[in-house]
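A single structure is presented below for examination.
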Amino acid sequence: MDKSEKTQFRRERLDRGIKARTDTIYAIASFRDMLYLILPRVLPLVLMVVLPLLLGEYWRKVVCYAAVYGLLALSWDFLGAIGLFSLGQALFFGVGAYMAGALNLYFEWPIYYTLPAATLGGALFCTLLLTPVIRLKGVYFAMVTIVIPILFSRTIVAGGIFGGTHGIVNLTPFKSDLLAEYLILFALIGCLFAFRRVIGEDYGLVMHAIRDDDRAVMSAGINIYWRKVQALFVASAVGCLAGAFMCHNYQFVGPSAFSLDYSLLPLAAAALGGPGTFVGAVLGSAILIPLSEALRDFGGLRMVFYCLILIASMILLPEGIFHYIARKYHQFERTVKI
Amino acid sequence: MKKGVMVFIAAAFFAGLILCVPLAPAWSADPIVVGIPTALNSDYGRDSVNAVKLAVKEINDKGGVNVGGQKRPIKLIISDTRDMEPTTPAHDALMAVEKMILQDKPHAILVGFARSEVFMAGMELIAKHKIPYLGSYAQTHMFQQQFAKDPEKYKYIFRVCGYNVIAAKAATDAIDVLRKEHGLKRAFFITQDTLLSKGFVGVLKKHCENTGWQTVGTENIASDAADFSAVLSKVKSSKAQITVVFWDVAQGGTIMLKQWTSMKVPSLMVGFVIGACSPRGWDFMGKNINYIIQTEAPIGSGIPLKKLPKTRAFVEKFNKAYGKPHGQWLTSASYESVYILAGAIERAGSLDPAKLVKEIEKTDYAGVIGRIRFDKNHQVVYGDDPKETAVCLAYQWLNGKMVPIYPPAVAEGKVVLPPWMK
Amino acid sequence: MSIFIYGLTQSVTLMLYGYGFSLVYGISGIANFAHGGFYVLGGYITWCIINLLGLSQFTSAVLTVLIMGFLGFVFYWGILLRIRGIILSELVITFVAGIAILEFLNWKGLYGFYYNLLPFVEGDITVGEVSVDYQRLIVLCSGAVLAGLMWLFVHHTKIGLSFRGIAQEERTALSLGIESDWVGSLSMALGSALAAVAAILILPLGVLEANVGYEVLIYAVTVAIVGGLESTPGMVLASFIIGFGQILVAEFIGSSWMIIVPLATIVVILALRPSGLFGKFKELEERV
């Protein structure tokens, strides 16, 4: 028998030792183990508190910007967790921005009132608007969500309402830039942790179940429409908050608040970071926005490079960056002889 | 493969980060830094940037600007706000300007925003950072309205180019001639669904109604229209003799002109249609645009005027350096904005923004666009006489030549009716 | 009469925009949001061949179609195959690829009215009281001929039948020896070739600008959704409805409302009949 002499190898993936140790209560036995557990949770918190103090003025603005897109990406992810694939985050953003702007201009409310009012009022408005189409699934829901922001922006321009094509200017800014940055970062972390908790609880379980097989959930006696409406409310509240924030940050709101950019960038961020894990959404926007700003030096070719990098990352890491990092953190690979 | 992945992504990210960190230390106090954030991917943006470069080169060749006894060269920083592109949100354009302001610390900003929405938002930004801004792109009349609400806050912002109604006035005299000397009386008005267009056509419509013209139709069309057959058949059936149009989107403008000829619409076009309003227009549109009356705002942007040697000099210089300009508006205003700035710097003797602003307000000299003075709303004053104000003109295409017909101070010919109208 | 002719032209234009998109979606299930980018790229390549290489219009048209087909094939094989099945990634990658193409062309200077494809035949003809230029009539006839040819292709040639096989039931087709990767790549090649054909026919009517790509994409998506994403006859019918709708609205209500027509149609269709006019009525999948 002439068997081939070549030894064959395979790669195998194993949990790291430290992961195995820290999975149990004995994690508190050593500081190193506790650090292993705490670090990934605390690191973003620390970063978000410290960054505004460390960075220069321009990059602080970029961080703000990234946080806003992070909120939109989180809202997208939340809708995705319940199975509503939305291509219209711009709707939430625009409605929030216009509501804050209108309240500020026509009723002269200060920021402390316009922000919560725009968040909740905008969420109510968007939920009522989208409830009729909640029955649609998959790509059909996505199509409706693309069309509605375009319709809104055209109506505003055509009707000349809310400032028409010029938008509304000279709105009240935040008392200080630092306050604004911490506010938005706080909101981002808050939403991130809240969403992660919710998904981990029973509520999140039902959401995933609705995404995977809604008929099964219906036959279990759970009203999926009500759940979907709730998810819509929460997601649109987050989106409206982002919009209202940007409105006051730039003291301006215009029809470009409904532009496609606000729908697609959160999507790309979530896709890059890892859809379904909320951290992925934040991570994705933390990468994409600074990247896009950093590429400004390329002038006209900025968008081209940006798009190429995005395509390359999505092909090479289709599962998302967060999954990749998590895997590396928890597991290691080795080649083993067969 | 997976390792390579991580390396690649990390490399790309950090390469991006590194590229954005300013490589050289902050510029020494020597050059005067002038920023030009504008919509580079547009004709007017491109032409304006070239005009500014021309002026800066002239000034630097003479040694620079005299700042309190020391001659310093001007350094240009050009960046793209992309605000003429359909998918750019306003915040993106504002970030481009903010980046330039925070990182390059310009002493002044020229040309500026293009889209009215972005310009209005940008006013807040410029006011916050207190940088003298001499705009020569955005033409919305909302600027004056907003300025008047708080002149002290917005005092850093000036506008060198005209605004929509100014160029319209240049066309009114041509229309008067058509009425008085040729007895035409039926007019059709086509507006693009933008404030700029509606403002422009609105001025002409009011003038027509006051001078005895009969309005036989008005149409408001969305900016992205690609087919004008419905409107043009209305123009034909209403037997309009002139049609006042303002259209600044290239796609629609070209289609409109082509359909005009192919549908044989017997009406004289007056106003502004991109594609026809350009020194390169004849090369591309040919006989399609014969006899139509267009406007140039301000003078010197494309036509070398026999009566004004400064315009001839500028047009020649520009053509030599960059070829014929693509658009026919704003180029000379951008050129002059550099000289306005240089003059103000020399008079102020420093680069302090508040002092600069005071000196810019006192500007009063004769430039390519006419006599340059600012009114109380920081807008250059436009009128009919180049000795008193800056000027916009109306001209008619006649067999490949642009013949200025209004105002009289610069006119070189009279309005000619096309043969099919006699 | 003018409504009839211009309505017809508008409808055929919309159909040409949407054909490539609808075909690719029907066969490979990938919504090719780079369709607008391929359209303008096709126009640009034609312009380059005509003006830089000096070849005749016909030769450059043929060459462009072949080149675009090849590019579409490479796009699918090289990029989309890697992430086939991950719907999110497909969406993002195709859309972003479209943006990359359009931004690149913008950078090259494709704005304003300087890049022009010349009409095949200059001049116009008067039909009744309506004066129509020859190019529009050519678009009309070519559109009809194209639709006919495609129908023949899809129903009577081996490759066309394998396209339909994959579209109907992929697993069965696979078990019959039709390789879905190969067919998918061919369908994308055909889709981008069709985009190039549309560009060559329609761009001479206007101007070769990069930003046209976004409009083309919106119209293509509209027409495909309203007609039913897998159905070609549906798409053709949808383009006629929307095309005539737009012209009628322009005539009787006002031109600034023209853009509302496709948007409103999408909303109405999605509310009443989400599969589209002729899409297979997949009630279980589209609504809960």
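Each chain carries a letter (A, B and C) given by its place in the written order, and its residues are counted from 1.
Quick note on the criterion: a contact is a pair of C-beta atoms (placed from the backbone, for glycine too) under 8 Å apart; a residue touches a chain by one contact, two chains touch by 3 or more.
All figures in this text were calculated on a predicted structure; none of them were measured in a lab.
Colleague: Hey, which chain ends up farthest from chain C, C-alpha centres compared?
Modeller: B
Colleague: Of the chain pairs A-C and A-B, which one is connected by the greater count of C-beta contacts?
Modeller: Here the pair linked by more C-beta pairs in contact is A-B.
Colleague: If you average the Cα atoms of chain B and of chain C to get two centres, how far apart are those centres in Å?
Modeller: Centres of chain B and chain C (C-alpha means) sit 36 Å apart.
Colleague: Between chain A and chain C, tell me the centre distance in angstrom, where each centre is the average of that chain's C-alpha atoms.
Modeller: 33
Colleague: Report, in whole Å, the distance between the mean C-alpha point of chain A and the mean C-alpha point of chain B.
Modeller: Each chain's C-alpha centroid was found; their separation is 40 Å.
Colleague: On chain C, where are the residues touching two or more other chains?
Modeller: Answer for chain C, listing residues that touch two or more other chains: 99, 106-107, 256, 259.
Colleague: Give me the residue numbers in chain A that touch at least two other chains, ranges are fine.
Modeller: 158, 300 - these are the residues of chain A that touch more than one other chain.
Colleague: Do you know which chain B residues sit against two or more other chains?
Modeller: 41, 87, 193 - these are the residues of chain B that touch more than one other chain.
Colleague: Spell out the part of chain C that touches chain A in their complex, as residue ranges.
Modeller: Against chain A, the touching part of chain C is residues 31, 79, 82-83, 86-89, 91-93, 95-97, 99-100, 103-104, 106-107, 221, 225, 229, 256, 259-260, 263, 266-267, 270-271, 274, 285-288.
Colleague: Please give the residue numbers of chain A that touch chain C in the complex, ascending.
Modeller: Per the stated touch rule, the residues are 85, 132-133, 135-140, 143-144, 147-148, 150-151, 154, 158, 214-215, 218, 224, 264, 267-268, 270-271, 275, 300-301, 303-304, 307-308, 310-311, 314-315, 318.
Colleague: Where on chain B is chain A touching in the complex?
Modeller: 2, 5-6, 8-9, 12-13, 16-17, 19-20, 40-41, 79-80, 87-92, 94-96, 98-99, 102-103, 116-118, 120-121, 123-125, 140, 142, 146, 149-150, 193-195
Colleague: In their shared complex, at which residues does chain C touch chain B?
Modeller: 2-3, 6, 9-10, 99, 106-107, 111-114, 116, 123-124, 130-133, 205-207, 209, 211-212, 214-215, 247, 250-251, 254-259
Colleague: If we count contacts the way the header does, which residues on chain B are in touch with chain C in the complex?
Modeller: Counting only chain B, the residues touching chain C are 41-43, 85-87, 193, 219-222, 224-231, 233, 250-251, 253-255, 258-259, 262-264, 274-275, 280, 284-285, 326-327.
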